[in-house]
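Next come two complexes built around chain A: one with chain B, the other with chain C.
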Partner chain A sequence: MNKRIDVHHVTRVEGHGNIVVEIEDGRIKECRLDVVETPRFFEAMLRGRPYQEASHITSRICGICATGHATASLRASEKALSVEPSEQTQLLRKLTFHGEILDSHVLHAYMLVAPDFLGVGSVIPLATSHPEVVLRALRMKKLAGDICAVVTGRHTHPIAMCVGGFTHFPKPAELENLHQRLVAARADVDETVALFATLHWPQFERDTEYVSLTKPDEYAFIDGEIITSDGARLPAEAYRQVTNEHLVTHSSAKHTRHLRQSYMVGALARFNNNYPQLHPRAKEAAATLGLKPKVTNPYLNSAAQVVEIVHCVEDAIAIIDRLLERGITSEQPAPVKAIPGEGVGVCEVPRGLLIHHYWIGEDGNMTGADCVIPTNQNLANLEADMLALTPLIAEKPIKTMQLDLEMLVRAYDPCISCSVHVLEVEPK
Partner chain B sequence: MTLTRQQPGTLILGIGNPLLGDDGLGVRAVEILAGCDLPPQVSVMEAGTPGWGLATWLEGWSRAIIIDAVHMGGAPGTWRRFGPQEVRLIAQDEIISLHEPGLVNGLELAQSLDILPEEILIYGVEPGQSEPGQELSPAVTLALPELVDAILSDLWNGRTKHG
Partner chain C sequence: MSQNGKPKVAFFDFTSCEGCQLTVVDSLQDHPDLLAAVEIVQFREAMSEKGEDYLVAFIEGSCTRESDEARLKKIREQASIVVALGSCAHLGGVNSLKYLHPLDEVRRYVYGDQADWYDTYDVRPIEAVIPVDFVIPGCPIDRQEFISAVKALLLGKKPFIPDYPLCVECKLKENTCLFTRGKVCMGPVTRAGCDAICPTYGQSCEACRGFISNPNETAMRDVLTKHGLTVEGLTSMYTMFTTYQVRETLLQRKNANE
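Presenting the complex of A and B:
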């Protein structure tokens, strides 16, 4: 039996990647995801720039995780410069972060994943066949964007967030309005859970090491320790012991590995590692979706995103309650206490663990930066899944095989454009 | 069926990534426009790379003006004004816009959902280089003030139908 699948490029993912699977005489000869994007050199772009610009520059790494990059960037600078943000700053950052997670997960679950299950090629025919589904997605997406705009002054690339705090503060009436809309959005959230509970997820199990941040008292999105399902627990500063970035020949993005040959980051890893800290309504949603940690079917990453949609809506409501109760102060950013310095900022962005590591010189200019992006960390695991899945589906017609593999890639919600930033030319 | 009620007004959207050279020219253009004297009921918005989100930003406005880098086969810095119908024609040859999902997909989605503004006007500028970097090419830098003047003049003179 000879079969060759060459998907050039995989659609409904961010950026360009090719699936190459070749079976010869019943044996797998090739099985890989080629990342064919051009490297983007953001770290080099940061060197020599004032640290105050870093969050604005890095927020442009991604049109989806802009707040995530900006937040990791601010936390890296703050750690480097011994800046301690106020409680209000932390609450506002968490709120806008929820907006971005919501925005990204709604985009992925509805626009990129749902078409596979509802038997259409993309969201465009879905808009005609199931307009109520797409309009619901856009309603939620708009609310998510409006949360970011109210808190950070712009829908996608935050303006008002700076090292130590904010330069602009939401008015109580704006927060009340968001609160009202979030409460009303519960109906859309419930519909979302109900819709995704009806989908028939492909059956495929492969246990791996799940890596995420963790915090004792909340479902970690900003700061925290790095924890893995294989029992490791490390401070963020020790991230290199987890990521072990290395080059592979067929990808312009680096691969990572920890205790096994590969690990997984993202919504499923967070769900597996931090289930106890989920909001009770999110736990109910997980039950409706049939999820119970530890989940080892990577296709269910999209279902874990739906659980997080519920969590973020509920937690955003709680944060706004807290902000309104304590009142919003037009406070100055927390001061820089030490310069020069080195710091590591960590966040759980929609696709998983994001790390910014900065070196800031005495003059306040960046002397170095290292950014480790979630998609990079998932690439080796995604290939390991492809390798385990292929023999199980090898008897299927080639088109079905191809769809199974494409859906697997899409389940990881890869942001290939973002991941391609670290190509290094090795000296001969 | 729509998300919110249609409001009379014009939204000017700048599209692109300012870290990719001329790809960010739409963003640079709305930055200039934001500091100009605009007619009433005209808002500017820096959309970045909105993908499918474009549909959500367009919804509710009676008119949208979109500024973006567009490969049209002209010299860098040349620009033209056109309507969405032409975009779709060009898009079949995959030569429009540098984003994915791009301007065309966003417009198509909004159209499928019947939430497109009544009038859409696109100012496309031919990019010179779209490599990583925050600088615009000299040709595009020269073209932007002229483009902004033309948009302002069209807005104030009420000349909005494309052609």
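Presenting the complex of A and C:
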């Protein structure tokens, strides 16, 4: 049996990747995800720039997780410069972060993944066949974008965030409006859970090491320690012990490995590692979706995103309650206490663990930078899944095989334009 | 035109964050009427359907490797109208920060000994490779401006892109001038059209929309001097999105003087 699948530029993913699978005489000869995105060189370009610019430049790594990059960047600078953001700053950052997670997860689950299950090529025919589904997705996406816009001016690329705080503050009326809309959105969220509970996810199990941030008192999105499902636990600053980035010839994005040949980050890893900290309503949603940690079917990453949609809506409501209760003040950014410095900022962006590591010189200019992107961390694991899946589906017609593989790639929600950059950097 | 009389439109991306295409998705969610007025035949980020017959091509991203030139030229041959979408396509954008370091050194910084595995060259806006009919500036593009531009194109008109400085819009917003708050700002020489969104949210204009065609450099110097600042002190901001333009302008002046 000879088969060749060559999906040149996988669609409905962010960035450019090709699936290459070749079976010769029944044996797998090739099984790769080629990353053919152009290299982008952000770390090299950051050098010599004032640290105040870093979050504006790095948000441009990614249009979808711009807020995540900006936040990881600010945390790296703040750690380097001993800046301690206020409670208000932390609350506002969490709120806009939830907006971005919602925006990205709704986009991915509804517009990039759902068409595969509903048998169409994109969300556009769905507008005719399933208008209520598309309208719901658009309503939720608009709300998510508006959360970001109220806090930072816009979602892609956020404006009002700076080292130590914010340069603009939402008015109570704007927050009250968001609060009302979030409460009203619970109906859409319930419908979303119900819809995704009806989908027939491909059956495929492959256990791996799940890596995420963790915090004792909340479902971690900003800051925290790195933990893995294989029992490792270490401070953010020791990230290189986990990531071990290395280059492979068929990808302009670096690969990573920790205790096994590969590991997974993202919604499924967070769900597996941090289930206890999920909001009770998110736990109910998980039960409806049939998810119980530890989940080892990578296709269910999209289902874990739906659980996080529930969590983020509930937590956003709670954060706005807290902000309104304590009041918003037009405070100055928290001061820089030490320069030069070195710092590591970590976040859980929609696609998983994001690390920014900065070196800032005495003159306030960046002397070095290292950014580790979630999609890079997932590439080796995704290829391992492809390799395990291919023999199981090799008897299927080639079109079906191709769709199964494309759906697997999409389940990881890869953000390829983010992933091509890279590092191994020491400050000069 | 397709059989239903709707113009066929395609979206393409080169080196970029794809944030402008996401802004397109966000713009269209408020304007389903526009989505009904055109037929989108290619939009890899959002759809699997793919058609090679299109009238209008929107291109996001810079050209950063030789192998991308052929793809750009093919798009140009097919499309009657090519629109550069956003700062990377229009100006080279943040990608052109690469110019500030020797190319070979940049490659080695990121990819080490394996730098030769990865194809890259000096960043350029797409107009440096193929003729461009219209530009929608910004990083990212402004939603309203995109909608207005598409409407104009549908009516067979030239999209209106302002050629006056950002300060005009900033004053209309009644913002406090950032210079009076001790911050530098590129507003006096930058193309308006974004409704001065960055100063409105308390941040300096970083010239993501590029310079107006006839910037008043003397007035800019005066503003800087008045606030105890120098052009040199602005260098970093001058180069964030516009390194390619600054470099080209300096080269032109040098050639003119020789």
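The working rule: the second predicted complex is superposed on the first by the 422 of 428 C-alpha atoms of A that agree within 3 Å, B and C clash if a C-alpha of one lies under 4 Å from a C-alpha of the other, contacts with A are read in each partner's own complex, and residues count from 1 in each chain.
The rule is short, and it goes like this: contacts are C-beta pairs under 8 Å (C-beta built on N, C-alpha and C of every residue); 3 or more make two chains touch, one makes a residue touch a chain.
Here the structure is a predicted model, which is why all the values come from computation and not from measurement.
S.K.: Chain A superposed: clash or fit between chain B and chain C?
M.R.: clash
S.K.: Identify which of chain B and chain C touches the larger number of residues of chain A.
M.R.: C
S.K.: Tell me the contact category for A:T152 with respect to chain B and chain C: first, second, both or neither.
M.R.: Only chain C is touched by A:T152; chain B is not.
S.K.: Would you sort A:M45 into first (chain B), second (chain C), both or neither based on which partner it touches?
M.R.: both
S.K.: State whether A:H168 touches chain B only (first), chain C only (second), both chains, or neither.
M.R.: second
S.K.: Quick one: classify A:T128 as touching chain B (first), chain C (second), both or neither.
M.R.: After superposing on A, A:T128 lies in contact with chain B but is clear of chain C.
S.K.: Based on the superposed arrangement, let me know which partner A:T198 touches: chain B (first), chain C (second), both, or neither?
M.R.: Neither: A:T198 stays clear of chain B and chain C.
S.K.: Thinking of the overlay built on chain A, is A:T329 touched by chain B (first), by chain C (second), by both, or by neither?
M.R.: neither
S.K.: Could you give the residue numbers on chain A that contact chain B in one complex and chain C in the other?
M.R.: Common to the two interfaces on chain A: residues 14-15, 40-41, 45, 57, 60-61, 63-64, 66, 107, 111, 123-124, 127, 138, 141-142, 145, 154-157.
S.K.: Applying the document's contact rule, which stretches of chain A touch chain C when the two form their complex?
M.R.: Result: residues 9, 11-16, 38-41, 43-45, 47-50, 53, 56-57, 60-64, 66, 107, 111-112, 115, 121-124, 127, 138, 141-142, 145, 152-157, 159-160, 162, 166-168, 247, 249, 252, 417-418, 421-425 of chain A touch chain C.
S.K.: Taking the touch rule as given, give the residues of chain C at its contact with chain A in the complex, in rising order.
M.R.: For chain C paired with chain A, touching residues are 13-23, 25-26, 29-30, 32, 35, 40, 43-50, 64-65, 68, 93-95, 97-98, 100-101, 105-107, 109-112, 114, 117-120, 139-140, 197-198, 200-203, 206, 236, 240.
S.K.: In their complex, what parts of chain B are in touch with chain A?
M.R.: Residues of chain B touching chain A: 1-3, 17-19, 45-53, 55-57, 59, 99-100, 105, 108-109, 112-113, 115, 132-134.
S.K.: Under the stated contact criterion, what part of chain A meets chain B in this complex?
M.R.: Interface residues on the chain A side: 14-15, 40-42, 45, 57, 60-61, 63-64, 66, 103, 107, 111, 123-124, 127-128, 131, 134-135, 138-139, 141-142, 145, 154-157.
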